[in-house]
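Here come two complexes built around chain A, the first alongside chain B, the second alongside chain C.
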Partner chain A sequence: MNALANIDYLSSLLQTLSTQNPGDFPKDLLPENNFPWLKQLRTQAIDQAGQFKWPTTRDEEWRFTDISPLSTLTFKPAQPGNSPALADVSPFFIEEANNRLVFVDGFFTPELSNVNHKNQLVVGNLAELATSHSDVIEHHLGQHFKSQKNLFSALNTAFLKDCAVIIAPQNTVITQPVHILYIATQAETTHYPRCLVVGQTNSQATVIEDYIALQKPANSSYITNSVAEFSLAANAQIRHFRIQRENSSAFHLANCAVSLDYASRYQAVSVTLGASISRYNLDIGLRAEAAECIIDGLALISSDQLADTHTCIDHLQPNCVSHQQHKCIADEGAHAVFNGKIIVRPDAQRTDSSQSSRNLLLSNQAKIDAKPQLEIFADDVKCAHGATVGQLDNEEIFYLKSRGIPELTARNLLTYAFGAEILNRISIASLKHTLEQIVLNQTQHH
Partner chain B sequence: MISQNSQTILNVQNLHANTQNTEILKGINLTVKSGEIHAIMGLNGSGKSTLAKVLAGHPDYEITQGSIQFDQQDLLALDSEERAQAGVFLAFQYPIEIPGVANSQFLRLAYNTIQSKRGNDELDPLEFDDFVREKMKLLEMNPDFLDRSVNEGFSGGEKKRNEILQMALLEPKLGVLDETDSGLDIDALKIVAKGVNHLSNEHNAMILITHYQRLLDHIVPDYVHVMESGRIIKTGGKELALELEKHGYDWLHDNLQNNAGATA
Partner chain C sequence: MSAALQNLVNQPYKHGFVTDIESEIAPKGLNEDTIRLISSKKNEPEWLLDFRLNAYRKWLTMSEPDWQNVHYPKIDFQEISYYAAPKPKEKLASMDEVDPELLRTFEKLGVPMHERAALAGVAVDVVFDSVSVATTYKEKLSEVGIIFCSISEALQEYPELVKQYLGTVVPVGDNFFAALNSAVFTDGSFCFIPKGVKCPMDLSTYFRINTEGSGQFERTLVIAEEGASVSYLEGCTAPQFDTNQLHAAVVELVALDNADIKYSTVQNWYAGDENGVGGIFNFVTKRGLAKGVNSRISWTQVETGSAITWKYPSCILRGDNSVGEFYSVALTNNLQQADTGTKMIHLGKNTRSTIISKGISAGKSNSSYRGLVRVAPGAQNARNFSQCDSMLVGDKCGAHTFPYIQVNNNTAKVEHEASTSKIGEDQLFYFAQRGIDAEEAVSMIVNGFCKEVFQQLPMEFAVEATKLLSFKLEGSVG
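After this line comes the complex of A and B, so read on.
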């Protein structure tokens, strides 16, 4: 760990780990002695974390995203025990969701959650399910990052205290979404949200992953370091809606790994609105024939926000499909980054892949870096991709003006529409409506 | 319909227009009175669509000479949105797709903006829904088109019907239809023509821009103008379109040259 000792943020975190003993964590819900596999997972992660270097803009993967402001923060891990008032949290509830898991500062909070035991889904937190579903959890937890492990996912595992667990058993089809609500309440701490979603053979489920802040004092700084793992067995279908609406002082570092088996289908929409600096890594492995992923993303940022989305879609086997549309809208002095890698391995013949990256700059100071990255090693493939960065289309503005709509209204409507096109992919009406209102408010200039 | 009591709606005098330093319109003269339907025909590149865009105030064109009076106002002094509010409507040759904006939202915004400029009441979403559904019947449009994004994934014919629907809602004094017939099959053409005929009355006027006589079988013009190289080179009645259809544009050329020879 010597290489990292000069990074204040990490030395402070590691100090916490080295001084940790059972007595310091009276609320540790997962006594390691009961779960040797968990102890092993954490120990390995601590070792791995020590082998990574702190990322700088000299690293290709971090070229556009300078996280040096983070390195001097000595934010210790958040502690359990905070429980915000129901009245403060309930505005974020989603009416269509019949299961809700609320994690406050990374710790499951049953009094704000609502777990429906009547349906066939297995929904809960790690502490509750680690015994009853240990085989599934042990098999999947921390196992989907093998090739893409990085410093922050390793740190998340090292500090793993609790985790949302959703298992869709074989042949269960559940249309109502499960809402995982992560609330950050403690100023100047790091919290480690995590979820594991397992879709077994022929199952269908929908998961909403939602990040919010209820800080006191309002808009205090904190760090979210989150990990999500999705495993889809043969013919499983999972829909994943991810909403990042942290406060504007937050740092958000997130890793999501998705593993797809035969003819399974992963459909995701990710919406990035908050945080001062955010980085979302989405790694998708199409590991068996005929697997399919459709991933859409929207980043809408202003002020001096930086939002970076790095996706990697790995076609390992023949006849897989991937479709991706990512949009960024950057206003004022904001900086958006999109890096979309698609790998088509030698065995992945008859791959059908498309990627579109469209980016809108609303001010002269805003900046967008869009980098499509195709690495194709098979010859019989269809790969379409395109990237645009620009202002609003003059022909669209003229069309609206020719109907009597004033220029400013036309510009606002088109900016809204640019974002709303991605929101249209969200199949949950109330969530879509909430996000439409947010996008509407943020795209109206006067 | 040509009438003695009609008012002049549009008066274009010696209009010259450039785009990217190239002169496209080279002295257009055109007078349109209320109740009249004018057809403007001509080959590709003759300047027909440019004239339509210039009337609607497209920012890519610079007016270098001439004037346009519209309903006793100087049209060239107005921005495109003000022209629409004053009663100019352009049905686009290639209607723009706007993913993310529901057609109903767009139609209501346009309708209410223009109503409020004219001092009329605006409609709330429910009232507007009833109103627009009634207008859609005229064009035999499926109400599902209200919930879809503006023109997105519409076929050519559906886009053109959506243009005429907008004209029906906005009730302009002057409707300029830029190749509304292109890309339409005969059934769609008849529906669009029926819509235009229904909307045409003694208080407004229409300019139909077209390549072909076909549209004029269904919307009968009072005047036919032929454009070439940025000018109107011949004006006649509806029979001129039939002559052009029969003999082609070269016939007109020869004819004009012969005439020129005869007068000299």
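After this line comes the complex of A and C, so read on.
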């Protein structure tokens, strides 16, 4: 801890944790005495957080993403109790979702949420479900970060006060998505959203993770440090749509860990639009045979935004499949980073893996750093990756111009189409439509 | 993986003999006195001693790199002898004066050093341990104004020329091993192609580490003036020792306007035995500066030896319209580890680069491609194409790809692709059907896999490389 003394942000956080000053610290919704496992989890995380060094660009994992602006901040953890007006929040609701969990500054807000108890899905917040489903939660919560422990996921666990919990019981197929809406309202605070999704054997479910900001004063700065954990048992299928639309002064640091059992399937689309600096770590472990993951991502950024996506797909067992496509569109002075690692372990024969990273630079101030990475220890595998960086193809523009479309329109059209390919993977019509409108507006140059 | 195929990948090292020549070895260890000793032994100008001491002082402040994907016991830099010269070293006027024992060594290696052999059209500068022994074809080259000699000789005869370029591409403090080399380099080759001259033959250097417990720190400097062109070949071998030997070389290339340098390497240092005992630690810094407009630098390497290979031949494309190329085959077997690749730094307008890298891993070896393509803000219309293919022979080896792509200019077009494959039973069966045995089939598949790179090699080297790969991979079948 002494080594970190010069980092204001970290030391203030760790101090908050160690002093537990009631004024600084939100009321505990989960009395630790009732949940010894939770106490242990937090204690471990506090220890770990104290051992990590503050990441700098000298660390390979943070080489392209300079988070030093964060280190001078002394943002306190957000307090519960804020509740924005329904009218402000309702435009963000997704009509297809018959379950909605709203977390304001990381705290569950029942009056904005809509939990449907009719179907078999177990949906709720940790405080509510910790007793009734303690066995499942205890088994999974905080247990999927074995391979990717880092400072921010440790801090999230250390500050774990509440959490969205979704459990799809055995042999249930739920077609309607669950919408988890995280709203940041308090300026100059840090909040710790978290969710746990468990797909039990032969279950199917869809989860939308949605980050928005309703700040007063508008566009004030805050930090989101989020963690999501997905655990899929044999033959489970989970679809995960992740939308990050924080305000443009926000810092967004997110970790997501996915653990896949026999013949399970994880399909994800992540769309990054907001935040001044954002970092998303997605860590997928294909832990049993025939597991499959399909992950797609789009980062659409402009002005001086920085969006960093780090993914790691770990093939631990034979006959697994992974496909990934990630696209970045960087306009003005934006900086997009993509680091995609695929590991094929010695036993993971007959792995089929593909990865594509495509990047579009719209301005001469924009910047892309891409690092697709393969680490292969098995010989009977099919692995390919590709990366491209460039601007719009002149021939494509010419093709459209030859059909009477003005150059500017042609450019806008092609830029939109570049991003829309990823949005097409979103199976929820209203969400897809909303995002298409956002991408359309952001890619229009006049 | 069939047993037959497993057997194919094991082959004893054919260059593992020790030449029994009395050699003059400096005491082990490194300090400023060692450097002064090297400098005075070589009768060097004062500025070079300063260059060395400056490098040494920088080196002391640096730490060994640890980011590479290789593992090796810590090198004790005080346990290395930094100077080993074959003893009977006098000025040699003709080939007949060369120590017959030495000549036999090179004959065994198949170096065409004799005048007769040199009819093949290759001028050879031979570096034995750290000292250049003989250079063939010097006269013929000097007729057109080409200087091709050992760097020690160049320091005596053309000190101003060396001073002008030495350390301009790889600065003394560039990295840990380059700094070490700058402090203690003992010999190497120097090549200067004057304005407008197309070098009439391929130039070649042959490196050999002979003395146990010595390190080889050679320094190569190739300069092509405006409109000049040269093709330069480098070959390396070392005898078998149970100890690890350090090889930390620096190669600098400078291409001025419209100049063209093609640098080809076949590296077959001793790789250690099948248990990973012994072998060369190869930590090499190679960099070319395409300084002038329309200049071109092309690296071709066939890496089959060394216990550890750490090598990233790079191109700095500063001149507008300059071209950088990197063609590489890296074969690792047993417990060899290779972390190799390239850097293409695009600074000038309309610069183009091509990277073709083929990695073949067999046994328990690991091979990594690590590459960087950087497009600076001013590099309008820069273009890069990279292709990295890996082939795995057996299920105990590993192949890794670490490409870094950094683009700061929206007119750039950068493409990278990578794939992994293996030699399948069905492929071998296909060959067997046509009466081709497994051994030859493997050789043909591997050679086909590497074809794009071998095509870049000069004729003699292509033949050698093909043979080398075959016998590295071949063995007794069944």
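We adopt the following convention: the second predicted complex is superposed on the first by the 439 of 446 C-alpha atoms of A that agree within 3 Å, B and C clash if a C-alpha of one lies under 4 Å from a C-alpha of the other, contacts with A are read in each partner's own complex, and residues count from 1 in each chain.
Simple rule for what comes next: a residue touches a chain if its C-beta (ideal position, glycine included) is under 8 Å from a C-beta of that chain, and two chains touch if they have at least 3 such contacts.
Everything numeric in this text was worked out from a predicted model, so none of it was measured.
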{"item": "Overlay on chain A: chain C relative to chain B, clash or fit", "value": "fit"}
{"item": "Touched partner set for A:A387, first chain B, second chain C, both or neither", "value": "second"}
{"item": "Angle at chain A between chain B and chain C, C-alpha centres, nearest 10 degrees", "value": "70"}
{"item": "Touched partner set for A:E396, first chain B, second chain C, both or neither", "value": "first"}
{"item": "Partner touching more residues of chain A, whether chain B or chain C", "value": "C"}
{"item": "Chain B versus chain C as contact partner of A:P346, first or second or both or neither", "value": "second"}
{"item": "First, second, both or neither for A:A228, with chain B first and chain C second", "value": "neither"}
{"item": "Chain B versus chain C as contact partner of A:A154, first or second or both or neither", "value": "neither"}
{"item": "Chain B versus chain C as contact partner of A:P406, first or second or both or neither", "value": "first"}
{"item": "Touched partner set for A:E60, first chain B, second chain C, both or neither", "value": "second"}
{"item": "First (chain B), second (chain C), both or neither touched by A:I376", "value": "second"}
{"item": "Which of chain B and chain C A:L362 touches, first, second, both or neither", "value": "second"}
{"item": "CA minimum distance (chain B, chain C), superposed complexes, angstrom", "value": "14"}
{"item": "Residues of chain A at both interfaces, chain B in one complex, chain C in the other", "value": "none"}
{"item": "Footprint of chain B on chain A - complex, ascending", "value": "394-396, 398-407, 409-410, 413-414, 416-421, 423-424"}
{"item": "Chain B residues touching chain A - in the complex, by the definition given at the top", "value": "56-60, 79-81, 83-85, 89-90, 92, 95-96, 98-101, 106, 109-110, 113-114, 117, 149, 166, 170"}
{"item": "In the complex, chain C residues that touch chain A", "value": "1, 67, 375, 377, 390, 392-420, 422"}
{"item": "Of all residues in chain A, those that touch chain C in their complex", "value": "60, 64, 346, 349, 359, 361-364, 366-391"}
